[in-house]
């Protein structure tokens, strides 16, 4: 069961990246978190497509939120690896990422992240992201 | 819609690896293929767990079958990259892999593969596999 | 032999990302390109470390430059996959990425990218990046 | 400095895989291990090329040996992730893998592995492999 909800995750995100346009946490359930990003021209690339770094950053954020939703605010968890396949060229519309926990161990968590354009079914990118959870990093419950 | 079924994929697999114990094709549908491997002691590792190479080989095979189920016997398709996260130590029981197409382009196909022990729900490994389909490699239909 | 030098790559980068702080192209040789990024507070994360997205973006850019240095300005080349391992927490100092071509095929190029802090030897991150080169994407020579 | 040499690593490998054709440990130094595999027809694939699983297995083994050469016989270290890019189709000749430590932490080790055909310079495959070292897994020195 998720121990942090939409509002709590949104507050953590805004506090961690003050002054930035942070993604919007859309929903949280037992195994997954849904996050969206409002796309503007500055996310674009030649050819009117969404930049790779925008999608990699979103995948990283969605994975972090999926982990925190289950174990609380582990602000010092760090990404140890990220693998992403870019599947289709997305147009410059808002995108949604779904982070789904594959493993939540004592020191490592692995999250599957699918990214698609809003209102589309097909994925534009798919990632597998590993985070390291520091010893004592899990907040007391 | 799948254009090759269980029996056809099984025949291709047996012909490609004569004299080997090939995995068993369990089912095929529009987007995915289910394949199982009967595990014996020779797949084991110290500690009574299933070897990583067994799972990597299975992920590669499941991806190849998922592609062929949609476009026919592209025997010369080759793996260009494989990423796998090992999530849990599986015991030495039979395993099942589900290969699901993420992208089927003209020259590249990307397949998501989840591996679990038979009769279990949790994944023991998760892979993303990319194949290159040679020009003219798609059989005429 | 490289067919584009430091100044030409720098000009392509600045034109592709107008109005941004683009990385600085430091050197180019037969197989590799060296690129640096001036780090400021906005690249930081809690704990005074460099953000993962900064390193992923740099890896992606270094790979693109390594390819263009050999085949010319293929502006429409796109990243098809990126794998990165984060090895150490870098402090907030400038970083350098070295992109080295592993393969330069007709339609796919694979680049190895190592990232380290300026004046340090140890890598802070290591990536393998694949780009797709569009048909006819290679400029005439 | 390496604390295990060629003979010791070879003995560990042979003991871990009794009855198998194990790779041959060629050399060991401070940061890397060189391992070779004698290729026979059973490693082949249609088109006279070396199978992907042969190369993945070799990458996994080379990474394990590179770690053990530095910290001793951690037999229970397990692969947590493996990423491999297949660069060229190798012919059916013997292959050599070089495992080079990128990071040797308390609980995680990351190894870069390059694979080439004997007597060739160009890599046929390139991998990044992560191992988890169990708590207390490092032998006393």
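As written, the chains take the letters A, B, C and D, and residue 1 is the first residue of each chain.
Everything below uses one rule, namely that contacts are C-beta pairs under 8 Å (C-beta built on N, C-alpha and C of every residue); 3 or more make two chains touch, one makes a residue touch a chain.
What you see is a predicted model, and the numbers here were worked out from it, not measured in a lab.
Of the two chain pairs considered here, A-B and A-C, the higher C-beta contact count falls to A-C.
Among the remaining chains, D is positioned farthest from chain A, on the basis of C-alpha centroids.
Per-chain Cα centroids separate chain A from chain C by 23 Å. As a whole-number value, the distance joining the C-alpha centres of chain A and chain D reads 33 Å.
The mean-CA centres of chain A and chain B are about 28 angstrom from one another, to the nearest whole unit. Shared interface positions of chain D, i.e. residues touching 2 or more other chains, are given as 80-81, 83, 85, 130.
Interface residues of chain A, counted against chain D in their complex, comprise 80-81, 83, 107-108, 130, 132. In the complex of the two chains, the chain C residues touching chain A come out as 16, 46-47, 49, 52-53, 56-57, 60, 75-76, 78-86, 89. Interface of chain C with chain D (complex): residues 83, 85, 87-88, 102-103, 110, 112, 123, 126, 128, 130.
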